[in-house]
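By letter and in written order, the chains are A, B, C and D; residue numbering begins at 1 in each of them.
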Amino acid sequence: MEREHDFLPERTKWKRLVFRVIFKADTKPGKAFDLILLFLILLSTFIVMMESVSVYDAKLHHIFIVIEIFITVIFTIEYILRIVTLRNKKAYIFSFFGVIDFLAILPFYLSLFIPITKYFLILRMLRMLRVFRIFNLLDFMNDGKFIVTALKNSSRKIYIFLMFLMIFSVIVGSLMFMVEGHREGFESIPQSIYWAVVTVTTVGYGDVSPGTPLGKFLSVLLMLAGYSIIAVPTGIVTAEMRNKRQDLYKSCPRCGNSDNDDDARFCKICAEKLK
Amino acid sequence: MEREHDFLPERTKWKRLVFRVIFKADTKPGKAFDLILLFLILLSTFIVMMESVSVYDAKLHHIFIVIEIFITVIFTIEYILRIVTLRNKKAYIFSFFGVIDFLAILPFYLSLFIPITKYFLILRMLRMLRVFRIFNLLDFMNDGKFIVTALKNSSRKIYIFLMFLMIFSVIVGSLMFMVEGHREGFESIPQSIYWAVVTVTTVGYGDVSPGTPLGKFLSVLLMLAGYSIIAVPTGIVTAEMRNKRQDLYKSCPRCGNSDNDDDARFCKICAEKLK
Amino acid sequence: MEREHDFLPERTKWKRLVFRVIFKADTKPGKAFDLILLFLILLSTFIVMMESVSVYDAKLHHIFIVIEIFITVIFTIEYILRIVTLRNKKAYIFSFFGVIDFLAILPFYLSLFIPITKYFLILRMLRMLRVFRIFNLLDFMNDGKFIVTALKNSSRKIYIFLMFLMIFSVIVGSLMFMVEGHREGFESIPQSIYWAVVTVTTVGYGDVSPGTPLGKFLSVLLMLAGYSIIAVPTGIVTAEMRNKRQDLYKSCPRCGNSDNDDDARFCKICAEKLK
Amino acid sequence: MEREHDFLPERTKWKRLVFRVIFKADTKPGKAFDLILLFLILLSTFIVMMESVSVYDAKLHHIFIVIEIFITVIFTIEYILRIVTLRNKKAYIFSFFGVIDFLAILPFYLSLFIPITKYFLILRMLRMLRVFRIFNLLDFMNDGKFIVTALKNSSRKIYIFLMFLMIFSVIVGSLMFMVEGHREGFESIPQSIYWAVVTVTTVGYGDVSPGTPLGKFLSVLLMLAGYSIIAVPTGIVTAEMRNKRQDLYKSCPRCGNSDNDDDARFCKICAEKLK
C-alpha cells in the first residue's frame, strides 16, 4: 500500500539488524516478529471489544487492564525502535503506516485522562494491513491494490453521485416532512432526511416509516429510485475494473488489433507472432 | 449542465461589469461572489432545517426569521440583476438555472400567505449545482456530465424496467391481499402493493410483514425476485457506461469527430490517420 | 412481444374492417380504439384497488359494481370480436395476449360464484403491455425486447444461482434453528429459512432477528455473503447485456477487425471503407 | 462439479452392474435410481423441516420417525454399495460427494446420542447437486461451472474486500459505541459491530437503530458507504464473467486450445486458421 520498502536503515550495525527484523519479513526473526505482532493486534482488538461488554468487564477488568498495558508497552517500544533505526524518520512518521502506528498507542495514554478515548485502541486493527507481507501474499497485495486503485479512480465520480444523492435526499426528506410532519419519525427536516437516506439506500430499518397514503406513495417512488440508481456506483466501478483488465490485452504490431488476450502467442486477426 | 456560458450581457457598461461578476468566475470579484453565494445557500439550507426542529425554533425563531429575510432579499436582488444585465432575458428565465433561481425565492413570498410552503426554500440547495465552477472543477463537471449522460441514455430502458416492476408489484400485491387480507398491513390492495414494493426493492422496513406460512412463502419468492432483477438496471447502466468511457475517446484533427475509440488508428468518419 | 402482427383477418368485409381497428393501430379509429382500451384498463385497475379499501367500498360499492360490469361487458365483446374476425383463431386464443385477454374477463364471471376471485381482475393490467403500440413506441418495444431477451438468455444461469441460494438458505436456516430455536421467530426450520432469505437478500424486515451472540455472529456472516453474492446475478445480466450491444459492432472486410462502432464509416485499424 | 466420472468399478461382475446403476445415469435402471434418490432426498428434507414444527411433530411424530429410519437405512446401504463397488475407494470417500454422502447419514446415528444433531440431516439437500445429471442437464452443469469458476477466480479479491469491510465495520461499530453507548442495542462493541454490518450491507433489520442526532448522522454516512461499495464485489464478478463468456470461445482444431475469442481468425496459441 505504502512505499515502506523504500525506507533505509541507520548505518549503526544494531540499528540495521533491528530494522531488518521490524521492517522486513525476509528473515526468520522478521517473520516471527510479524507473526507475534499479528497475534498481539488480534489479542488487543479482542480485549478492547470484551472490555466493552459489561458482564465480562465486571469479572475480568484487572486482567484486561494488565494485558492492555503490556501490549501498549510493546507497541510503544516498537514504535520508538522504528523511528530510531530509520534514516528517514520524518518520512516514516508522516507515512500512512507511521500515523497508524502512532494512533495504535496514543488512545491508551490519552485514556488516562479521558477514559472514553480508550476505545479508539480499536484503530490498532489497521496495523493488520501491514502484516499481510508475512504470508506469501504478493498476490493478495496486488488484488488489494487493484481494488484500491479502482476505487480511487472512480472516487471523483462516486463523490459527485453521492452529492447528487444527498441533495436529492434533502429535497425528498423536506417534502416528506411537509406530508407526514405530524407523525412520529418525521418531526423535523433532519429527521425526515435520515428517513430518506434509510429508504433510498434500501437499508430500511423501519424505525421510521410512512403512515399516510400520500407518504406511502412517495416512499414507493423513492424506493424505486434507490433500487434503480444503485446502478450508478456499480456501473462506475465495473467500467473502471473492466478497464483495468484491458491493460492485460496485447496489441498486434502488424495489424494493430489491440484486443489480443494476455496469453496470446499470435494475433487473432492476422496471425502475427506476438511477444 | 446548462449552456449558461452562451449568455451575453447588455451593452451598458455597468451591466457588463455586473454581468461578469454574477455570471462568470474568471475574475477575483466573480469568485468572491460565488463563494459568498455558496455560503448563503448552505446557511439558508441549514436555517430551514433547524427551523423545522421545534426545540431550536422555540428558542431562536426570531433570529431564524431575520436571517431568512436577509438571504431572501439578497437572492431577490441577485435574481433581478441577472435578468437586468442579460441581453437574452427570456432564455435565462426559462433555463434550468433560471427556474431554480426563481424557485429559490418564491417559497418565501408564498409563505407569507401559506406558511407551510416555507419549507420549499430547501430547493435553494439546487443552486449549489451552479457554484461548482468556482473551484477549478472542470473535471467534476465532466464526471457529472458523464453520469447524467449515462442515466439519460439508459433512461428509456429503465422506465420500461420500472413499468414492468410496477405491474409485477401490483399483481403480487393483489395476490398477497387475497392471501393475507385479514391481517394488519394488508387491509387493502394499495397497502399490499406498498408492501410488495418495500419487499422487491429489498428495503424491507418491517412495518408490514407476512404472517401466514403461505404469505411467507410468497414473500420469499418475491425477495429472491427482487434480489435477482436488481441486475437489470445495473446491467443497463453498466453497459451504457462501459460504452461511453469518454476519457478514452480520440478526437479527429480533420473532421473534429470526437467519438473515435482509444485504439483507433484512423478516424471512423473521415479515415484521417490518428496519433 | 408476440408475433401478433402475423395474424390475418377473415375474408368477410366487415370482419376485415373490425380486425383493422382492433388489431392494428395504423388508422385513426384503430388508435382511438387503443386509447379507449388503455383508459378502460387503467380505470378498471383503479376500481379493483379502491374496492379493496373498505372505507371507499362502503360508500361507493354500487358505483364500483356498475363500472365493473360495464367494462367487463366491453372486454367480453372485444374478446369475441377478436376471435370472430381472425382467420387463425386457435393461434390467437393460445397466444400470450390471447390468454391475457381471456384472463381479463374470466375473474369477473368466476366471482359470481367465488367472490374473492374478483381481485384477479387486476390481471387486466397485463393488457397494457399490448397498448404500447399506440404511441410511436417502436423504440420502447425494442428496449423492452432488449431487457426481456437479456433476462431470457441469463435465465438458466440465474435459476442455478437461485437454486444454490435456496440450498444455502435452507442449510443456514436449519443451523440458525439449532442455535436460536428457543427464541421467537426461529421456532421451526421453515420459519428460520424465511429469516435466512430475508437476511441474505438484504431485505431485512426485522420481524425476525437474532438474539444470541452466536446467532448474531452467524447473521453477520450471512449478511456479508448476501452482500457479496448479489454480484452473481448482476454479473450474469451485465455480461449478457454487454454482449447484446456487441452485435452493434461492425466487422472490417479487409483486416477483420470486428470492433468498429456501429456508426463507423471507415475501419479504425486499416481505414477500409465500411458499409 | 467433481470428477466423479473418473471413478472405476471393481472387476467383479455384480459390482460392475451395481456401479453402473449407482454412479452412472446412462441406463434405464441408472436413471430410475437417480429419480428415486431425488425423491428420497426431497422427502427427507421435507420431513426434517416438518419435524421442527411443533404442531406437526405433536401429531405425526411416529410417522416422521419411521420415514426417517427408512430413508437413512436406504442411504446407508447405498453409501456402503458405493464404497464396495468402487475400485478407488479412498478417492471417493474423500471426494466432495463422498463426504456429502457420509454427512447425509451421520447425523441420524449421531442423533441417537445427541438429539439436536438430527437437524443436520438437512445436509442431505446437498446430494441434490449430484442428481443434476439425470436430466439432460449438461447445459445446466456448464452454467453452474461458469458461476462457480467466476466466483472462484474472484474469491481472493472478494476476501480482501470483505476483510476491508470487516475492519471498517469494527471501527465504525466502536465509534458508534462511543456515541450511542448508553442506548439499547449499542451496549457493547460487538453489539455495535453487529449493527454496523446490518447497516453497511443494507439489510437494516431495525432491531438496533441510532437514537441520537450524531448517531443518525454517522448512520447516514455508513449507509451511503454501503450503498456505494456494493459496487466493488459486483464489479469484480462482472469483470470476471465478462472475461469468461465461455460460450463465445472458439476451439482450435489443431492444438485444441479452447480459449480463442469469438472473433478470432487464428488460434492465439498455434496460429491455425479458425472458421
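In this text, a residue touches a chain if its C-beta (ideal position, glycine included) is under 8 Å from a C-beta of that chain, and two chains touch if they have at least 3 such contacts.
Here is each chain with its UniProt name: A, B, C, D = Ion transporter.
Please read these numbers as outputs of a predicted model, since none were measured by experiment.
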Could you compare the number of C-beta pairs in contact for A-B with that for A-C and name the larger?
A-B
Chain D (Ion transporter) against chain A (Ion transporter), contact positions shared by both copies (same if over half, else different)
different
Taking each chain's centre as the mean of its CA atoms, how far is chain A (Ion transporter) from chain C (Ion transporter) in angstrom?
40
Taking each chain's centre as the mean of its CA atoms, chain A (Ion transporter) sits from chain B (Ion transporter) at a distance in Å of 29
Give the residues of chain C (Ion transporter) that touch two or more other chains, as numbers and ranges in rising order.
161, 190, 193, 202-206, 226, 230, 234-236, 238, 242, 256, 259, 269-270
Write out the stretch or stretches of chain D (Ion transporter) touching chain B (Ion transporter) in their complex.
202-206, 234, 238
Which bits of chain A (Ion transporter) are touching chain D (Ion transporter) when the two form their complex?
45, 48-49, 52-54, 116, 119-120, 122-123, 125-126, 128-129, 139-140, 143-144, 146-147, 150-151, 154, 158, 161-162, 165-166, 190-191, 193-194, 197-198, 200-207, 226, 230, 233-238, 240-242, 244-245, 259-261, 263-271, 273
What residues on chain B (Ion transporter) touch chain C (Ion transporter), complex-wise?
156-157, 160-161, 164, 167, 170-171, 174, 177-178, 181, 187-190, 193, 199, 202-206, 209, 213, 216, 219-220, 223-224, 226-232, 234-236, 238-239, 242-243, 259-261, 263-271, 273
